[in-house]
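Labels for the chains are A, B and C, by order of writing; each one numbers its residues from 1.
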Amino acid sequence: MKQHLKGILDSYRQEDAHYDEVFQTSGEPKEHYRSIVETFNQFSLTDFERINNDVKTSFFNQGITFAVYAEDKKPDERIFPFDLFPRIIPSQEWMQLERGVIQRNKAINYFLDDLYHKKLILKDKIVPADLIFSSKNYLKEMVDFKPEGGIYTHISGTDLIKHTDGQYYILEDNLRCPSGVSYVLSNRVALKKSLFDLFTKLKTKTIYQYPEELLEILKSVKPKNTEVPTIVVVTPGMYNSAYFEHSFLAQKMGIPLVEGRDLFVEKNFVYMKTIFGPTRVDVIYRRVDDEFIDPLCFRKDSMLGVPGLMNAYRAGNVTLANAPGTGVADDKAVYHYVPDIIKYYLNEEPILNNVLTYHCEKESECKYVLENIDQLVVKPVDESGGYGITIGTTLTREQIEEVKVRIKSNPRKYIAQPIMSLSVHATFIEESKEFEPRHIDLRTFCLMGKDKEYILKGGLTRVALKKGNLIVNSSQGGGSKDTWVLD
Amino acid sequence: MHEFFLEYFIENKYESPVRKANFQLLVIPDSNSQQKVLDLKFFCSEDQEAHRSKNIFGFDTLNYYIGKPFTEFMFKLTAKILKEDINPFYLSPLDPATEFELIYSLDFQIDNYLFLQPTQLTRMPAETEIPFPAYAGEIQIFDYLVSLNSFIFQLLVYSPESTDVNTPIEEVLKIRRGVCQDYAHLFISVCRQNKIPARYVSGYLDQGAGFVGTGQLHAWVETLIPELGWIGFDSTNDLLADHHYIKIAHGTDFTDCSPIIGVLESAGMQKSIHSVTVTNQ
Amino acid sequence: MLSRVANNLYWMGRYIERAEHFARYSRVQYFSSLDAPILKTYDRNFVLESILYMAGIFDMENITEKDVLFKIGLDLQNSNSIISNITFARENARGARNAISTDLWESINKYYHLVTSYPQDTYLSTGFYDFTQLILDQTSILSSKIYGTLMHDGEWAIILIGMYIERVIQIIRIINSKLHDIYKIEQAGHSVTEMSFEWTTMLRCMEAFDMNKKFYRTIPNREQVMEFLLLNPHCPRSIAYSLNGIRRYEEKISRNESRDSNTISFKIGKLVEQFRYLSFDEYKDDIYGLLNNTQDKVIEIGSEFEKKYLSF
C-alpha cells in the first residue's frame, strides 16, 4: 500500500495483485496520467461530488438509461453509471490494438464467407466441422448467399482486457448486435461539459464522427440498382434495454428508427408505413436478433420481425447489417480457433493474444476443467451479457458440484478459461467517497463496409463497480469511463 | 411418358377479421429432368398478384401480402405434369467398401452436412429398444436402404390423425403409428445416424394407383448414394419413388417443405379445409 | 414520417393536454370550494364528487378526501390519473424519440421523473397545490419547446392536432361537469351574486377568468360565459378557437386534398364554420345537446384521422 500526492486521490490504495492502469508500483502516476492526476487532485471532495451529481442528473434527464427487467415487476430504470476519471491509452499502445482488432475482424469476415460457401477451413481441418454444423447460429438460410460487398460483420465489438503482464488479451468477439457505442459518445459529451479543463491538458482523438462513419458504411453496402438508399435502424422497441442506443444512433445518423411492425414486404421489397403511404427501404441496420427478424423464416411467434424479410434479403433487394448468421463466429467455442483463422486466411501472425481456452466438448480438456473448476472461469458458449458465467475462486463446494453437473450434461455448451486478472483503474466510489481500484475492460467498435473500414478511437471502457468483481456488464452492476486515445 | 392433372385447394375461414397477413405457399411442382410442369395456374381469393420467389433450396414459393382486413383466404392451383418413366432399379458401380469410405470422407460429409445433421423433427431419442438396421459397409448402400425402407414400413401402422406436423420421433416410436411425414422423418433419422445424407421431400402422389397417403400432399425421402445421386424412398408404401411421385420440394425436414405458412395479425380461431386431387390421364 | 411515430406524437399531444386540464380542474374546484359563498359547495362530498366525475370515476362509496386526491393525482392503477397521463405522454415521446427535438424530449423526460418521484406523503398533506402547479408549469415548458424547438411541419402539426382535439374534448367535459354542479345549486335556489361565483369557477377551470373579465367587464353570468367558452374566436380556451386549431394543423397534413364531403378536412371545416356563425340564442335552450353533438363529431374526426394517417 502506498500513499500518493495530496488531493482527492490521496486515499487511493494500490493493490499489488493487479495491473494498475494509472499508477506505477512506486505510487507515482504513469507518465500519460500525470497531468490528469494533478488536475483531479486540485478538486475538493465537495466540488467533485457536485460535478459527479450534475453529470448523473444530466444522464437521467436525457434518458440515457437502461431497463432492468425482473419477473412480475415494473422495469427498473437506471442510468449506466459513469465514472469521471477517464481511461487513457497512449498512442503507441493504441496503434497496436487497432491493427490487431482490424486484423481479427477481417479474418472473421473471410471465415464467415468461407463457412457459407466453400467451407475450405473445415475441409482443411483447421476448425472442426462438427463445431460449426452443431451451432444453432449457423444458418442454412445463408448458405451460398453472398451479402452485398461480401461483408458479414459491418459492426463488430471486440472485447479486450489487460492482464497482470501488461498485455492485452481478447476476451470475446461480438458479431451480432454489439451495443455500447452510444455510451461512448454520451460519456465524451458529459466529460467535456463537466471537466473541460482536462481537455486542455492532454490531446485526445475525437470520436464524434462515428455515426457518420456508420452511415457511410451502411451506404457502401446498399443493394445494386439503388441510387440513394433509404437506410433505417430497426429496434425491437422501446422496452428493449438498449432502446436508448437504437434511438441515439438513428438520430445521430438522421435516419428513421423503425420497428418490425412499421415494415412489410411485398413482392420481395421492403417498405415502411408512413403517413403518406409506403416508402421503400434499402438498408437495414437491425438491432433485432437473427431468430426474430422474420417469422416466416425463423421463429413463427416473433412479434418483432418482418414476414418475408429473408426472402427480400436473399433476392438482393435489401441489405441487413449485420448479416444473419454471423453468430456462428462469435460462439465462445469458436473463439479458441480465431488465431488459427487469422493465420489461415491472412497468412499473418495474430497481433493480439487470445486467452487460453478449454473446450469441454473435448474429452481431455473437459477432464481438466472438471478437476480444476475452482481455478477457472466457466462460460456457456451461447449466452451474452455475462449471464451464466461462474468464477471458480468465488464458488462454494456445493456450487462447484452444480457447475460440474451442468457441464457434464452438455459439454458442448461450456468453455473454460484461466481466471484472467483484469487490470484496475482508479474509480470514484460513491459509498466510500474515495477513489478505489476497480477492474476494467475495453470494448472496441470496428466497422467494415465495401472497401472501407473504420475503428472508433478508443471504445467503451467498462468498469466493475463492485469491489473485486470481474464482470463488467451493465446488467451486472458495471459502469463505464470515457476512453482517451492520445493524439 | 405419363401425364397427370393435379389440383391443390385450400380455404381458411377466420372467426374475426385478420388485419393483415403474409402467406407463403410451397405447392408448385418442381421442374426437373424427370418431370415437366405444363398449364400451371393459380389464384387466391383476395385478388392479389402472387409473388413468385425461390426458397433457400431453390424451389418456387408463392408469396402473398394482404394489407387490408379479410375473413377468408382461398387458394387454388392446377397444373398438368409430364413424368418421365423411371426405372427404380439402381445398380451402383462401386463396391460396398468404396461406398463406405466415400460416405465417411470429411469432404463428402461437409458438402452434405445439411442432410446429415439431426433436426428437431428428425432427432432419434437417445435410447430406443428398436433394432434399426445399421449400415456398416458390408452391403451396398442401395441394398441397405431398401431393407431400411421395409423395416420402417413394417414398424409403423399408417394411421391418419394419430400425429401432427410437430410430432417428434420419440412420440412416434412410442405409439408406433403415424402418417407419411412420420415415416419420412424416421427414415431420415436412421439414414443420418448412419451418415447417409437424407432429405425430406414433399409432393403429390398419383391417386389412381392404390397407394397409401394420397388424400393430402405426400412425403417421402431422397438419399444420396455416391455415383447414383439422390434416390427417392417411400417407406409409407415400402416403395421406391417412381413416376407416380410428383415432387414439389425438398429440405432438411417438414419445416422446410410446409405447403403453406401464414403470419397473421388476428385474434380469433380459424377453420381450414384443403384438398388435393391427382388424376392420371 | 412513420405512421407509428405519428401515432406516438398525436397521443403525446393528447396526454400532455389531458393532464393539464385535469390538474387545473381539480385544483380550481378543490381550492375554490374552501371559501365558497354557497352552502352546497361547502359540502366536501359535493366537490369531491365533481372532481371524480371529471376523472370518470363514479364509484364513490366510503371514499375519503385523501383517497380522491390520490386517485386523481398519483394513482398509477387509475389510467385517468395525472401521473398515468404523464407516463403515457412520456412513453409516446420515447416511441417518437427521433421525431422530436432533444430539448423537447429532455423536458418531457424530466417532467415525468419529477412527477413519478413526487413524494406521496407531501402530496397528500400539503403538496396538492404545489403538485398541480408543477403540472401547469411543466406543461408551459413543453408548449414552448413544441413551438420553439421543432420544425413547423408534419411532426409539429400532428402534436398540435392531438392537443387541440383533446382540448375541445376537455373543455366540453369541464363545462358539462360544471353545468351539472350549477344545475344542482340552482335547484336549491340562489342569488345572482352567488351564482356568479360558480361561473367564475368554471372560467378559472379553463384559465379563462381574466380573459373573460377583460372582454365583458362585468360579473360573469350564464350567457356570457357560455358565449365566451364556446364561441369566442380569440380565447385560446374556447371551443371555437380550438376547432380552428384542428383545422389549421390538419391542413398541413392533408395538403389541400379534394373537397370531397367524406374527407376529414371537410368535416372539420363544417364544424368550424358552424361555431363561427352561431349565436347564443340559437343554442341557449339546448346547451347539453350542442356540447354532446360537438364532442361526438370531434371524437369521430379524431378516429378518422387516426385511421387515415396513424394506423400501422
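Just so we're on the same page, a contact is a pair of C-beta atoms (placed from the backbone, for glycine too) under 8 Å apart; a residue touches a chain by one contact, two chains touch by 3 or more.
A quick note: this is a predicted structure, and the numbers were derived from the prediction, not measured.
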Inquiry  = Let me check something: if the centre of a chain is the mean of its CA atoms, which chain is farthest from chain C?
reply    = B
Ask   = Nearest chain to the global Cα centroid?
value = A
Query = Taking each chain's centre as its mean C-alpha position, how far apart are chain B and chain C in Å?
reply = 63
Euclidean distance of C-alpha centroids - chain A vs chain B, Å = 42
Remark   = Distance in whole angstrom between the CA centres of chain A and chain C is 47
Request  = Going through chain A residue by residue, note those that touch at least 2 other chains and give them in order.
outcome  = none
Partner chain B, residues of chain A touching it in the complex = 119, 122-123, 125, 129, 133-134, 140-141, 143, 264-268, 295-296, 300, 307-308, 311, 314-315
Query = Which positions of chain B touch chain A when the two form their complex?
reply = 20, 22, 24, 49, 51, 53-56, 61, 63, 65, 67, 106-107, 109-111, 113-114, 116-117, 252, 261, 263
Message = Can you tell me which positions in chain A touch chain C when the two form their complex?
response = 60-63, 237-238, 243, 247, 250-251, 256-259, 261-262, 272-275
Message = Under the definition above, what is the set of chain C residues touching chain A in their complex?
response = 1-6, 91, 94-95, 97-98, 102, 105-106, 109-110, 113, 154, 158, 253, 309-310, 312
